[in-house]
Structure formats: structure tokens, C-alpha cells
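In the two assemblies presented below, subunit A is common to both, partnered first by subunit B and then by subunit C.
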Partner chain A sequence: MSAAGALELASGRRGRPLATYGAWLAAAVALGLLPRLFSSGFALTTMSLMGVMIVFTLSYNMLLGQTGLLSFGHAVFFGLGGFFTVHMMNVVEGDGAPLPLFLFPLVGAAAGLVFGVIFGAVSTRRAGTAFAMITLGIAELVSSSALILRRFFGGEAGVTTDRTGLVHLFGVTFGPQIQVYYLIASWCFVSAAAMYALTRTPFGRICNAVRDNPERARFIGYNTQTVRFIAFSLAGLFAGVAGGLAAINFEIMNSAQLGAAQSGAVILMAYIGGVGGFVGPIIGAILVTYLQATLSDLTDVWQLYFGLLFIGMVMFAPEGVAGLLARQQPLLQARQLHRVVPFYLLALLPGLAAAAGLSMMIEMTNQLTGHAPDGPAMVFLYAPFNANAVLPWLIAVVLFLAGTWLFLRAARLASAAYDEALATARMRKSAL
Partner chain B sequence: MVEIVFISTLNGVLYGMLLFLMASGLTVIFSMMGVLNFAHASFYMLGAFFGFAISRHVGFWPGLVIAPLLVGGIGMAVERYGLRRVHRHGHVAELLFTFGLTFVIQQLVEMAWGKLPVDYRVPPSLDFPAFTVFSTNYPTFKIFELLISVAIFAALLLAVKRTRIGLIVQAALSHPDMVGMLGHNVDGVFMLVFGVGAGLAAIAGVIAGPALVTQSNMAELLGPILFVVVVVGGLGSLSGAFAASLLIGLVQTFAVASNASLASAFGSLVSQRAQAYLGDIWNVTVAQIAPILPYLLLVLILIFRPRGLIGARDS
Partner chain C sequence: MTSPSPALELAGLRKSFGKTEIIRGVDLTVRSGERHAVIGPNGAGKSTLFHLISGRYRPSAGAIRLHGEDIAGMAPQLINRRGLSRSFQVTNIFPRLTVWENVRCATLWALGYKYSFWRNVERLADARRRTEEILAEINLLDRRRTPAGVLTYAEQRALEIGLTIAGDADILLFDEPTAGMSRIETERVVSLIRKVSEKRTLLMIEHDMGVVFDLADRISVLVYGEIIASDAPECIKANAAVQQAYLGAA
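The block that comes next holds the complex of A and B.
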């Protein structure tokens, strides 16, 4: 999706159908052409996973972003959707029923919807913090049950399937990853379009009302519990689609897919991307999946970096990456962006230095504890040194502290410059 | 049978008291600040690991004092420099902040002590059987755990009911804005309460560590159960949290000791074919479903009594 199109969607302005549909058209073309640009095996598997995660994160944002419901158990619907898809595939394969593979995410959708209705009936009686805790409890209930009900969930090993064993239409076997990519990409596109359309319906608007001011929504005659319930069930449906796609992609489902780690991952993706607009979760899913794929090769404490990134976003940029981008849009329109970019670059340098210092401390600690048997010799950013020497620690601490201090100063300058540029932009707009 | 009931009751009360050590801090923090501290169980884990590290160098007893103080300090720093900053972004951001914190603390603990259980031992001065009932030796350490929990419970009760700061905390539970209007330093009280809550969780960690397994997933295992305690007891109710802690402690210990299953109860009444069809559900024992019982209780409470056992407020 192009940056301009993304911003167009993020701002959600109406009355310009070309801009809205243009963005979707561009997204469709991009989805079609991406495998031409990045055709390596690694790129294809990563992009397939991104497609799955985009659907999953968007479905999560129907709760958190659109309806203001913080759920800690969204992976339940992802996992159950996946398990039902896998079992259905195995049954159909045995029976030889003529059902093509690309219909199977519907099984996940049905499972997600059914369980969304069941668990939604219990959890959406409450909102806010109580809702969050109930979803956590239900998630624990399901994931602990998954380990007991071994026949259905396959215990620790999980349940496997073979996606090529189904009936082949037009000679498409779904053996090669590229074919699976296109299957996932089309489902991703359709689901994203459906979820976007949903935000434009009166129901979508009432969800926003329930998020922003539940009391007032009640006063104008809406049952907030019913609204929450419907939103929860529909979010379950789309999470089920994502689970079904994951099942097709991996050809295996295990109980970890519906556990706390997966529920946590979707929160991370949605929040880092930004829960305020429709595009945020897409950015988050792409970014986090990419970082996961690359960081896990570089360091074995990559999850720590994710945690720190997440806390940093919550503390300093709660509107997420999409929110930060969307804030630049009025400047872009008024041609004022050139006034703030130098300040951003000024802040970026010490910011990178601080990040490098922190990362160096983490890696050195890790070398001394987790990799204690390997000795203190290590390499960080191509520089070899000993993790128990004084000098590297000194450098790391100085980098971190000085970088942070300079970054905070530069950030203050940048924020002042932003305010000034925004004021100019507003003045020009009102002058027009 | 009497033996099982006696030992299970004792263990259940002990487990319940340990749960209450943590749930009390959690529920007080929640009622005062509106923050459900996701990282509360992480403070418990930090307590256990700090206790372990200190006990290796200077012994168990100094650890029992130093580890909670350290963790309490960390808790205060988290409140002062993290939560207070996030507060203006709303409750969801606060919840997510503590959620991210659990993630980071777990990763740090794994980095420092690895993923395998550490060898955190019962101190030799308490490592002998306290008494013998029906040929079972009951360890002194468990009695000690029970005594510590009860003592802290009593001290907490006294502090809340009898001291000036306790009065302010009590008032801030229901009317935090009013307390601020009256000129009390509510921010300071919040920080203190958060620190004390974290410290209490750490005490629970130090004394539970040697008896249970001290491992980097212990926060992950216990955290959800704490939330169940707080919801089942009624959000923001201390006495509710106490009742729910004991209830869940007893339910879980009795379930673990029970070997009953549907198969053993109704085995002769149902045909073989139906049994095969029921499969896993049929043969699973109560002991096996012990881990999910708290969550079942949660769902039942939510259906039949949404405000919890003794809860006063609805949200």
C-alpha cells in the first residue's frame, strides 16, 4: 500500500471516492506484484506470514481500536479457527469430497464466529478492565483445556495436515509457496476490505461511540452490551479466517497458537502500528513480522527488544507508527514538511546512539550470563571485544546516557518546530 | 481419607494465604489507581529470584528482608517514572504498559538466570519435619510460610485500620479525588502503595520460591490466577480477595489430591462405545483439570454473580 494512500485511509476523509478506491486498487496491485519484486523463498514465507498476521491484527483492532475493548485472549479464535480448518482438511481429504483449498478459511471463520458468540456472551457483559481480565481467564481456560483434550488438539505435537491432498482446480496444487502466497494475499485483501467496509456502516460508527462515550451511546438508545457482543463475535470470525490461513500456510496447528504468547503478539502488532486508524494494524503486522524474522537471526534475546520497543511506544508514542505518520499529513499538504525534517534527523542521530548503547549493554549482559560457557569474547556491530572489560561498558553507558539526553533535547526542539509548522499550515488553510 | 482432607486443607490454606499476599496488593492498587497491574506476578517472580541470588551469598534470612525491599523500590520507580507518565494516555495504555513490563521482566530474568529452574533451597534451619500425621511428615518450612503470611496479613490489617496513612489509603480507595482535594499527597500515597504492593508480592516470592519451582515462567503461570482471585472476590474488595484466595487455594489443592474421573464415577452405567466417543473428557481425572478450575470458577461467577463474591462496584 502506498504511503499517500495509507495516509488517505488513516485520515478517513469522505467525499473523495477516487482517493479511497485508488488506495485499495494500489494495494491489490502491490499484493499481486510483490512476489515479482521479492521472489526468494525467505521473502515468500515472510510475506505469507505477514498476510496472515494482517488479517489477525485487523480483526484484533475491531476490538481494541474500534470498540475500545482490550482483549488478552484473541489468539483463542485464531487457534480454534486453525484447528477446525486442519481437522476439516483431514476429513475432506479422507472422504474425497470436492472442496477446493481456497474455501477452507471459511471453516476457520465459522469456528471463530461460533466461539466468538459463546465466549462473547460471557465476556462482553463487562467492559474496561474487567473485560480484559475475563478474556485473559477464558484464554487460560481454553489453552489449558487444549493440553488436556489431546485427541482434538494433538497434545504438544499438534495436528498436521497436507494442503496438496485436496481437489485441484485449474491445476493449482498449492504445493509451491507462491501459490499459497496468492491464496493468502487474496483472502487478506478480501478480509481487509470487509473489515474496512464494516467500519463505514452505522454499526461501525456505533462501535466508535461505545468506545468513546458508552454512557451517551446508552442514552441515545443503544445497548452497549449488544454492540460489544456483536463486535466481539465478528472479531472472532476474522481471527478465525487468519487462523485458517495460518493452518494452510504451516500445515500444522499446535496449542501454542492459541496461547498467551500469540495473544500478546497481536497486541504488540496492533499497538506498535497504531490502533487509532485502519492502516495502523497493517503497518504493525508487517513491521513486527519483519523484525521477528530478521532479529531472531541476529540475537537470541530479540523478544526483550520487542518488549522494550512496546513499552517505549506506550510511553512516548501511544498513537503508534501510523499515528506518527498521520500527524505529518497536514504539513505535507501545506508544503511545510521541509521545515521539520531537519529536526527529525537531528533527533534521529542521538536516538540511534542511545539505542546502540542500550543494545550493547543488553548483548554484553547476555554474553556474560546466557552465553557464559562461550567466554566473554563477542562481536557487536562488527567490533570484537570482551564483554567483561571496563572500556566497552563505559562506551555503552556513555552512548546510552548521552544519546538519551541529546535525544530528549532534540525531541523538544522537533516538537516545537512541529507546532510552529502546524500553525503555519493551519493559517494557510484558513486563508484559502 | 481423613489424612488427605487434613493435609489438603493445610496446603490449601497455605496456598490461599500466599495468593492473598499478592492479591491484596493487586486489589488495593486497582481500587486506588484504577490500574490493574499486570506485572504484579512479575514482582513475585523477581522476589523469588532475588531471594535465590541473595540466599546463595548471604543466606536465606537476609534475603527475606533485602529482596522485598529491592523489589519494592523497583515497584516505586515503575510507578514514578513509568505509570505516572502513561496515566494521561488512559487506562488502556496503563494496562498495556504493565503488560509490556511483564514481557521485559520475564526476558531479563531468562537472560540472567536462564529458562531452567534454579536450585533455590529451603534454609537448613527450617528443613525438618514439623509434625507427623498419619505417617506423613509435614515440613516446618510450610508452617513458616503460613505464619509469615498470617503475620503480614495481620500487620496489613492493623496498618490499614489503625494508622493515619492507612486511613488515607482507605479514603483514597473510594474517593481518590476528594483525598487529593483535602491536601494529601495522593501521588506520594500511590507510589508508596505501589511499592508496598510490589514488596508484598516479593515476600510471597521469597517464601514460595523454595517450596515451589523457581523458574522464569512462574509469573506467567501465577499471573492469570491472581486476576481470577481479584475478579472472583469482587474488584477492589480486600475482604473479597481474601475469601477468593482461600477458596481458590482450597479448590486447587483438593482437586490435585482427587483421582476421580467421569469414567470412575459412571463407568458401569455407560456403554463402551459411548465411552470411546467421549474420549478425553471421559477419562480425565479431577487432578488433571485442577489447573483450569480457577478459570471455570471465574466463568461461573461471571454468569451468576457478575460483581464477584463481595464486590461493591460493577466495573
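The block that comes next holds the complex of A and C.
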């Protein structure tokens, strides 16, 4: 056994380029083809923003997921990266230096790294709660500076730039959104690949060790403070890239981009996607950006829904969407997935009903309070009614309560079916 | 490999927590290449002594010399890099990492990879070889893909030893490596320790007298923070003070 095992180890994970790089190849092709599938202006804008947020969330997960560092101020590096990019673009435009636009995220990277080193030197001297508190302090410090140093941060209005004013290579002006999409997609791909590669280095693995058990890491020769410092600095670098991309995308940076809300958003995206692996933050960034773009058109209390979603994920699926998907993996391999899917659907229906009931209550409350001058007449799910009538409230409450009750029962059934299917899957695997 | 100074030397070592003095002036010499056991009743300060030597605690007074160099009060990682590695009484591993990753992480510093973030860890042939060797020695090769947190107790204890020896330190400290193990598991661990401590210096805390007299070249008896005897096993057995303070009472 051990000889065969050693042989397998020696050859393992090498000599199979398709298995190793297949997923990356598929991602590159998908990034290239997506604008053909979704070519509307809204789709291009949303996908560009997704690319920015993927880089930002992955950079955050270098801290939270890989090294176990909960930072409340990651937007500082995103924002500073963006501001330095905007200023550099304006300087180069005035100067006429032949620097093409696609190099400018490097400015963000440099700014992110420099400030990562500076703030990291302070914050990473501690771990755990103390670290989290220091990052909160730094975030406040930078946010308040943004209101004081108005020449650099542009006050409330922010600083604008024109991405088309730089030198045009091969006739690419970066005027149309599609060209910006490809710029962002390329940087997103390269940054994601670099961050993934980083997890597969000695440093990356030691980050995981420090996350799991910082004390033991010291007794195998590692200074945990140095590990945290390097991780923090590199996370700052990639957050700076994301900020630079955001600056190019929006052609404006303002102090909201480095504020507490933005720092909160990245925690939300990472957590909803799942911080346990590399794919989770990507899923989270895509999902949350999509919901933000669509929900904000449907309701003006969309942030409330994010809060609920976040609480729900933390309570019921702390491994995030990626964790939920990963749990289906052994069933899929053992061809047991068909045994649980009906139960998932069974739970999904009352779950949606409960969500609709809750949402209806929220919207009616909002209609009566937030839109009081407009009167009680409103439309929910294409149905017009008055928010101050009894029947809609009754329907909403019944939907919510009955839906929740049925959902919990169905969830229990689904959970039992899952356990059973998993046991079968394990048995088949060990029989092999 | 033989150096003129002893592998480890404690001189007038003291440690107090508040007003309570746990280690009360310990002098101890561990010769290069010997297997040395520390025994003593519960609460004698054996684990505290190990925490002082390995850098987890800072001594209140006294010197700790590793190959003649004073290491008292140094950070654990600096002591580890000087060739002293320790295990823990309560299992202290990386629970979410696989068994393979656990051991490989413990090999990296000694192989010179340090904080390298420009090398692919899967391509490090020497780290892979070393990890395989260690896993074969601790008999966990076929559990290498399992997250360490879900191993059985005995397997986690074996991994604990694996982490301790992976960095190729020349002085090994084992804190009750056989605690909570069955007879058969204990025998396996003893033969493993015998093997890994060849050409190395071993200092261990152990409660199982069978293990102690089986393995140790010399034994020190710690009672209430003081070494009352430090000698060859047969002399310790015959020592009247030891019998009265410890063995006789048992």
C-alpha cells in the first residue's frame, strides 16, 4: 500500500494539464464569450462591476478565509487604490505621457500595497479581536481624512477622470463599455490566477496553518505576526487593483468607496459565497452584485434584504453557497443526487412562499411609512392592493407563517434524505 | 555532532505566576544524544518547565542554554529555528488542514522555504519526500487526505509526534506522548520515539513508569518545582529521597 501510495503521490497532480488548468481555461473562455450571451448595456455594466468585486472579495478572503483575519476596513485599500489611479490618470492625461489605460490598475496595486504595508505594520501586531478593532480604527481614520483632505479626496463630490483621454493603442479608446468589460475581465482573470497561485505556495499553506492554530505555527518555526503582515500587505495590493478597476469603470472615485459600507459589503460577499474555499468569494461577489443591481430597481429597502440574507446565511449555512454546493459533491459522484433533489424542491416551494410573505410585510410597511404621502395603493408581485387593508396583511402573515412551518418540516425531511444518501455514497466508495 | 557544551542546560531557572512560584530554582543538564525523562507527581511543574524551555513562557529568573547559547525568554519560533522542537500534552494540530498539509507545513521552515510566496508548494520535491517519510514513520500515510480534526485520538497523538519531528530538530521535547493510550498504542509510540530519537537528544515528560524505565538513559525527578534527583534509572530507583517523595507514595 505505502509503495503504491508513494508512487501515486510522486506522480499526483502532475502530468494532467487539463485537470489542472481545465477550470481556468473554461473561465477564460466564459469571460470572453459572456458579452455575446448578455450584450445589453445593463448586462455589460453589471458584469464589469462583478469583475471588480470578484477581485475585491478574493483579496478580502486572503485575510478572512485563508489566514483567519477578520478585517473591518478592507475598503480602505480599495478606495485608496482607486483614488491614486484616478489622480494618476488625470496627471498622465495632462502630461501626455504615452501610458495606455490597461496599465493603470498597477497604480492601484502599488497604492494598495504601500498602504497595506503601512497599516499592516500596525494592525497585524495583534490577531483576533484586537486586530479587528485596529482595522476598524484605521477605516475610521481614513474615512475621516477623506473629509479633511478635500483636495485629494474631492469632498462629497469625489474626483472624476476621463478614461478615453489616454493614449489609444490599436484604436481601442475604452469609450464603449464592452472595451472596459474586457479590460476588467482580463485583470480579473490575472488577479484571480495570481491569488490562487498564492494559496499553493509555502506561504499560502502557512497562512492556513496560522488560521487553524496560530500557537502551533510558532512551534514549527513561523512568526505568526510576519505571516499576518505579508498576508495583509498582499491583500491590500489586490484590493488596490480592484479599486483601480473601479476607478476606470466609473470614471469617478468618492469617499464612500473607502467607507464602512464598502468594507461591510466585502464581508457580506465573502461570507454569502463561502470563505472556506477559493470559489466561494467569486460566487458571493457575482451573486451580491447581481442582487444589488436588480433589487435596487425593484425596492428602495433592498439593503434590508441583504441584511436578512446575511443573517440567514450565517445562521443556516455558515459555509456559504459554495459550502452548500460542496456538500452535494459526494452525492453527485456516487449518483445519489436524484434521491435528494425532490426534497430540496419540496423545501424550496414553502421557502419561497415564506420569503414572499415576509417581503410583502416589509413592502407594505414601507408603503405606509416611507411612502406615506403616496397613499396606501401599491403593487406587489403584479397584484395591486391597498397596504392599509386587512386582507393583504392576513395573506402576508399566513404566507409567512405557513411557509416557514412547512419549510422547516421539509428541511428536516431533506436533511434526513441527505444523510441517508450520503451514507449510501460513502458505502459505495468504500466498497470500491 | 558532539559539542563541548551540553545540548540543554538549565541554571537557577525560576517561574512565578503572581505570588506562586511554580519552578523554584531548577538546575538540569541534558547531555547531547541522551534520552532524558522528567518525572514527578501531578502539579510538580513539569509542563511549566517545558513551556519555559520552548519559549511559551518567559522565565522569571535563571538561564536556559541550548548548545551553550542562552535562549531564556526568546520567542518560540526562534527557539524552534535553533533546533529544538516540542510536542504538546493536549493535542495541538492544524484541524482543518489535511494530515499531509499538517506535516508538510512543519517541514517547510527547516528546508529553507520560510515565507516563500513565489514557489509552487506541490513542486517541492524535498518537502514531499520528507513528508512521506514522516507519514510512513507515524503510520498515517493512508490517512493523508483526511482533515486532521477528524482523526481518532490515537491518530492525532501520532500526528502530534509527526509535527514535532518533521522539522528535523536535534533536540526533541515530548510532553506525555503516551497519555490516554491503550497498552498496544503505547508500545507503538515508544518504539516510534526510540526510532526518531536516535542520533538526537530527547527530553520527555512521562507518567508511565514502564515507558520511562524502558526508554530513558537518565531520569530527573521534579517535585514542587525543584529537581530532587537526576541520575541513571537504577540509581533513581534506589534513591531514598525519590522513593519517599514520589515512587514510594505511588
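Note that in this section the second predicted complex is superposed on the first by the 415 of 432 C-alpha atoms of A that agree within 3 Å, B and C clash if a C-alpha of one lies under 4 Å from a C-alpha of the other, contacts with A are read in each partner's own complex, and residues count from 1 in each chain.
Rule of thumb we're sticking to: contacts are C-beta pairs under 8 Å (C-beta built on N, C-alpha and C of every residue); 3 or more make two chains touch, one makes a residue touch a chain.
All values derive from a computational prediction rather than experimental measurement.
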Contacts of A:Leu422 with subunit B and subunit C, given as first, second, both or neither: neither
Which of subunit B and subunit C A:Ala260 touches, first, second, both or neither: first
First (subunit B), second (subunit C), both or neither touched by A:Pro202: second
Which superposed partner A:Leu149 touches (first subunit B, second subunit C, both, neither): first
First (subunit B), second (subunit C), both or neither touched by A:Asn223: second
Which of subunit B and subunit C A:Glu215 touches, first, second, both or neither: second
Touched partner set for A:Leu63, first subunit B, second subunit C, both or neither: neither
Residues of subunit A that lie at the interface with subunit B and also at the interface with subunit C: none
For the subunit A and subunit B complex, residues of the former touching the latter: 64, 68, 70, 72, 122-123, 125-130, 132-134, 136-138, 140-141, 144-145, 148-152, 260, 264, 267, 271, 301, 303-304, 306-308, 310-311, 314-315, 318, 362, 365-366, 369-370
Contact set on subunit C toward subunit A in their complex: 54-55, 75-77, 80-81, 85-86, 88, 92-97, 101-102, 104-106, 108-110, 113-122, 124, 127-128, 132, 136, 141-142, 144, 163, 166-167
Residue numbers on subunit A that touch subunit C, as the complex places them: 1-2, 5-6, 9-10, 13-14, 197-198, 200-206, 208-209, 211-213, 215-223, 226-227, 230, 234
In the complex with subunit A, residue positions of subunit B that touch it: 30, 34, 36, 82, 85-86, 89, 91-93, 95-97, 99-101, 103-104, 107-108, 110-114, 220, 224, 227-228, 230-231, 235, 279-281, 284, 288-289, 291-292, 294-296, 298-299, 302-303, 306, 314-315
